[in-house]
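Quick one: the structure is below, questions incoming.
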Amino acid sequence: MNATDLLLALALLLLAGSALLARSVQIASVLFIAFGLLLALVWVRLGAPDVALAEAAIGAGVAGALLMLAASEFESRRIGGSRAAGPRLPWPRPQGWRPRWALVLLALACAAVLLLAVLAIEPLAGAATEAVARNLPQSEIAHPVTAVLLSFRAYDTLLEIAVLLVAVVAVQAAPAPPQRALAHDPVLARVAAITVPLALLVALYLLWAGSSRSGGAFQAGAVLAGAVLLARFASLPLDPQSRLTRPPVLALGLALFILIGLVAGALAGAALGYPSGWVKPLVLAIEAALMVSIGATLVALFGGSKTA
Amino acid sequence: MNDWLLPLTLASSLVAGLVIFFLPERSVALRSALNLGAALLKLACVGAMLWGTQQGISYELRLPFLPGHELLLRADPLGLLFVTLSALLWLLTTVYAIGYLEGSPNRSRFFGFFSLCVTATVGIALSGNLVTFFLFYELLTLATYPLIVHRGTPQVLQAGARYLAYTLGGGVVLLAAIVWLQVQVGPVEFQAGGVFATLDASATPEAWMLVGIFALFIAGLGVKTALAPLHGWLPQSMVAPAPVSALLHAVAVVKAGAFGIVRVVYEVFGIEFAHSLGVLLPLAVVASITIVFGSLRALTQDDLKRRLAYSTVSQVSYIVLGVALFGPAGTIGGLVHLVHQGIMKITLFFCAGNYAETLGVHRISQMAGIGRRMPWTTAAFSIGALGMIGVPPVAGFVSKWYLGLGAIESGLSWVLAVLLFSSLLNAAYFLPILRLAWFEPPPARWPHEGGHGPSHGAAHDADEQGAKQGPPRTGDAAPLLLLPTLCAAALALLAGLAAGVPLSPLDWVRFITATEYLP
Amino acid sequence: MTEAMTEALLLPLLVLWPLAIGLGLYALPERASAALQVLGTLVLAGLIATVFATMLASPEPLRAALGGWAAPLGIELVADRLAQAMLLLTLLVYAAVLLYAQAYFAHGSEAAQRFWPLAWMLWAGLNAGYLSADLFNLYVALELVGLAAVGLTALTGQSTALAAALRYLLAALLASNLFLLAVVLLYAATGSLALDSIGAHLAAVGTTPWYAKLALALVLVSLALKTALAPLHFWLPAAHGNAVTPVSALLSALVLKVSLLIFLRLWLEFAPALDLAALGLLLALLGLLASVWGSVLALTQRKIKMLIAYSSVAQVGYLFLPFAWLLPGGLGAALALEATVLHLLAHALAKAAMFLAAGVLVLSAGRDDLVSLRGAVAREPLAFAALTLAGVSLIGLPPSLGFAAKWQMMQAALLADQWPWLLWLLGGTLLTAAYVFRVLRLAFLPTPEAFEARAPLPQRLSLCALALALLAALGGFGAAALSDWLAAETLLWPGSGA
Amino acid sequence: MSGVSIWLPTGSALVLFGLLGMLLASSILRKLLAFNVMGSGIFLLLLALRPPGPDGVADPVAQALIITGIVIAIAATALGVRLARRYFELSGHTELPEDRAATRDD
């Protein structure tokens, strides 16, 4: 145990706790984003840079932004609308909590048992981990995490993309409230004009890097989405949102994944397998399509419906 | 051909019923033709099986059903006895119902469920094992419910709810008995002499368990049999249309319960084994109490159908009493009453329907002089009533005679007293009606002819009447109502007069009885 | 394609094909919708038929290692007879619901546009849940099912439906996290995610570490929450009762069942390693609570779909009863397993039929309280017939599948010398009958005049309900064949038959 | 090994926080936030229980599982947020009915 870790852990807990207890959800979501970024650092310290990238881009970034957007919308409507906000309770007594002591005790007991359990577990080296190392050359993918995601456990990834798509379809079924017109902000526009092309480059790099180093479609997609959203907030003339979130674009990644999984799988003798020698281009094709679809999906999760 | 007889017997009414559901309300001729055709076909099938059984052919059909339990249909002598009764009385009731419901709404629905009801009854008769019996027993509950609530008034719905509560409750108890028994001794098929006759002593469960199972069986079946104190549903169900009452009391529901008790005592436990268990005496006591109780309650009813209903409570328990008397004579008395009571009671209900339909008469106090206005119906009623009392030569006499013999044979002399007392009560509640009907002067106008609605509980009858051309102002009931009534009365007489002829109910019952006792 | 290749693709296609159809329905123009779905259903039926044909000879399960990587490195799909039964059930229910929905949704409505892709992706998720033999993959499949189900619940866009969907989502998310926690513990302890190797590992250790029990407890709580076992049923009635009718049918018939099936699988896998007798008893007692509580609440409902939804709470209780006897070495174990499967099938078919039929009555009356039942016999005789037949199975009267299930349960209870359960089963029958007939009796009252002006509904709606109801009500005749085919002993642990 | 073990209590505590938040918070958004915190705690436990190999790289399977989990969590969060927004628009409430009732009782 060293001091850095200890400090990180304490900060993490502090941020999580204050996010949950924060006076308003808006503040809570800002704290949550900070929590996510800190967590990304932890992932790096634990030797998982891929997770760190995903956490920073998606866990902290997208989730935090989603919560913040909704919270600010609630807040503005409440103040502007006829419904007055209830009396604010002063810090530190949190608003909107209802103590139910039985539940609190139950949760405490569960956590205590959990802690005892994880301390008691003697981690095994694990058949799966060894198998990954052993079979990595055979998979023809250099980066082990990518090999797991797109070869050994590609089926998980495929279903996970399906989950994402289901969320989009369901989200589009409940149309969003009309967006408020955004005031044109010259500073933001200037920043965006520089950042957006840069972000696109970063996305492409992450995609390319995924096969040999940390990175991959998810992270690239998240960065892509960030760029698009930034462009949108800055009201840049290149606003691809309406086209980007059309169903065919959203469905593209999963469709290609399934298609390759079946056709290449038929040639390789097992669904979601790749014929030897074709792994690199096929994986890259899947990742590219996934990046576009994931980026579009994340954008769609924020706003517009199908017919926006 | 022989393989087809059993399924055809069931299918004749089942298919007819399902087709009738989908017939438009207007197609009266087609519906009636289907009904009658199916009834005749079923009767023909039963006749063929009777003949075949005499020739030594056995009819049996096995289908896979539950794991380890087959669906078994079998035409054994006991089943044939009941199925013959059902088929015959169904034909009569069908004719009667066509006449009775003429012009009333929802007839396709009525006749659909009517046919299902008969299918269930025939299924009960032909069941070869407990599971099959239970299947049809519950089907009967379900198929009867829509008939009881046919008129769709709140009062009727309440009666229906009561009916369901009782019968479904009984069904659940029966199911418990069936499962418990079969977990102990394996799948049970009905066989003459009972299951335990052929079972190893080591495989026989302990006595307390068997007594418990027997009690559950009787409690479960006792609901439909209307054994006191489980009879509460029966008088209430009188709100149903007359053909339904006739069917409920004479052939279907009540009889299904009684038949079930017969099956359980003779062909599951075996009369000898049941005797050795010591469960027959309590059964006889319960039956005796019900007999006296039902008769006493009948005395005080003014509503004709309610009086008949309590009479049924009493009369059906004669069957149970006969079953509980250890000895061939008691058995003969009980089994033959199964047939005789059916024929006589259906006659009485037809007559009650005729009175209500023709003159709007529902209460006994309204029946003064009705014999002059409707002599044929009243004659039929008299035959049925005298039979119930046990006056020779009507069929009821034969039953009571054998029951009396059985009481002496089994050494339970108090049963004889019960029989005599009950007959006195029978006379006390039937003879005044006959006196009123034949010897009192008729009123100036009959309840319904006066243009006013009938006095009570018959709003629907009024509707029916209103839909028609108006009842005949003179003369007896309409021919379609009168014909089955007279046929049933004739049968009741015939069964008594020709009791000694081969293939009469008595003869057939003797044949059955011979198989149930150890040589 | 060679035979080997067919086999390698067969099981994955059961998941990928409905997923692809769902994608097509989402991305392609709407005019292709009907053709796509007919094609999709037929091909899927063909695939399932192939699975049945391949496995007809022996109950030995089919296996497919995805990507050619065998477990524990890769993920394996396993189709045993349990999975097959579920695949077939899902096909049947879906066929009826999709046909029904075609007529139910007015053409081009926004709700319908989203219904089709979500329903098909849900189908993919269900099949994935039936087939997966990998703990983490089960988690992903459950998420696919859960999110699709939530999306479908919210389809009407009304405030009550949204609240129900949110409550459902939050409950499902809590359940998912508990499941995930268990996955983490088991993965850390055994180094594997494949079900059979986890089970084998735990059994080989000898004395099972207590944290394995904790993990199992977490999984069970999670799945009990998803299956809505009382007292964790709080989310179910509003979600099932407020969704559009075809969705209610899918949710109650299938979505509840996939979590139960996974529960059953894990139970069978871990029972030899852990002593589950006390837990089984606890589950059965909770089931008792659920069946009584659900029935009583069903008796007090005013809306017909809420009544049916509460009936699901009660019926789920019966699904958990057989776990009391589903123990290694238990006398009634095989019977108990058969009973669970039979009851699962019976409830799925009957409940789907009930919802579909109730939907018809609500449409034809223009209101959704019990008054909509009045005059149903005359107004919508086929829908009423469906409601009745489904009710027969729910009550457990012969010859329904529900009866067969109850029969096996009673035998299992008596074999295990636990006759008090009998009282519950029989009393429960009466409670069920009470709320079923509370609905049915109204149908015999005359039709209120306000209903009569409405245009007649397409017969197809009622026929779809009737088809499922008939399967449930007459299914008892197939119970013997079904139990022979299921070969419950082969699914249990060696040396513990009935 | 000692460098890892600190994350076990941390992860457990995060699970506890998340659990409390999901059970007790009344605002829908806060519940969703708590769901994410709980998920993070679980992932932390997963990685803390899989010690990195000699090369300092964590178990790739565990990493892949976490990435998958993160994506699934974002899908669920997005759906929840959208439903909450829509619900707010229709009803003006940011809490579910039963939670509102409970808060009023306080």
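We just call them A, B, C and D in the order they show up, numbering each chain from 1.
One rule holds for everything that comes next: contacts are C-beta pairs under 8 Å (C-beta built on N, C-alpha and C of every residue); 3 or more make two chains touch, one makes a residue touch a chain.
All of these numbers come straight from a predicted model, not from anything done at the bench.
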If you check the contacts of chain B and chain C, which chains show up for both? none
Write down the chain pair with more C-beta contact pairs when A-D is set against C-D. A-D
Using C-alpha atoms only, the most centrally placed chain is C
Averaged-CA centre spacing for the pair chain D and chain A, given as whole angstrom: 13
When the C-alpha atoms of chain C and chain D are each averaged to a single point, how far apart are the two points in Å? 28
When the centre of a chain is set as the mean of its C-alpha atoms, what distance in Å lies between chain B and chain D? 68
Can you work out the whole-Å distance between the CA centroids of chain A and chain C? 31
Going by the touch rule set out above, which residues of chain C reach two or more other chains? 136, 140, 143, 147, 150-151, 154, 157, 162, 181, 187-188, 193
Could you check chain D for residues that touch two or more other chains and list them? 15, 18, 23, 32, 45, 49-50, 61-62, 65, 68, 72, 75-76, 79, 83-84, 86
The positions of chain A in contact with two or more other chains are 114, 118, 121, 123, 126, 128-129, 132, 152-153, 156, 160, 163, 166-167, 170-171, 174-175
Every chain pair meeting the contact rule: A-C, A-D, B-C, C-D
Enumerate the contact residues on chain B facing chain C in the complex. 21, 63-71, 106, 109, 131, 134-135, 138-139, 142, 146, 149-150, 152, 154, 157, 160-161, 164, 168-169, 171-173, 175-176, 179-180, 182-183
Note: in the complex, chain C contacts chain B through residues 338, 377-378, 381, 388, 392, 395, 397-399, 404, 407-408, 410-411, 414-415, 419, 422, 426-427, 429-430, 433, 437, 441, 444-446, 476-477, 479-481, 483-484
Inside the complex, what are the residues of chain C that reach chain D? 136, 140, 143, 146-147, 150-151, 154, 157-159, 162-163, 165-167, 169-170, 173-174, 176-177, 180-181, 184, 187-188, 193
Of all residues in chain C, those that touch chain A in their complex: 1, 4-5, 8-9, 12-13, 15-16, 19-20, 23, 26-27, 64-69, 72-75, 110-111, 114, 117-118, 121, 124-125, 128, 136-137, 140-141, 143-144, 147-148, 150-152, 154-155, 157, 162, 181, 185, 187-193, 197, 209-211, 214-215
Any idea which chain A residues touch chain C in the complex? 113-114, 117-118, 120-129, 131-132, 135, 151-156, 158-160, 162-163, 165-167, 169-175, 247-248, 250-251, 254-255, 258, 261-262, 265-266, 268-274
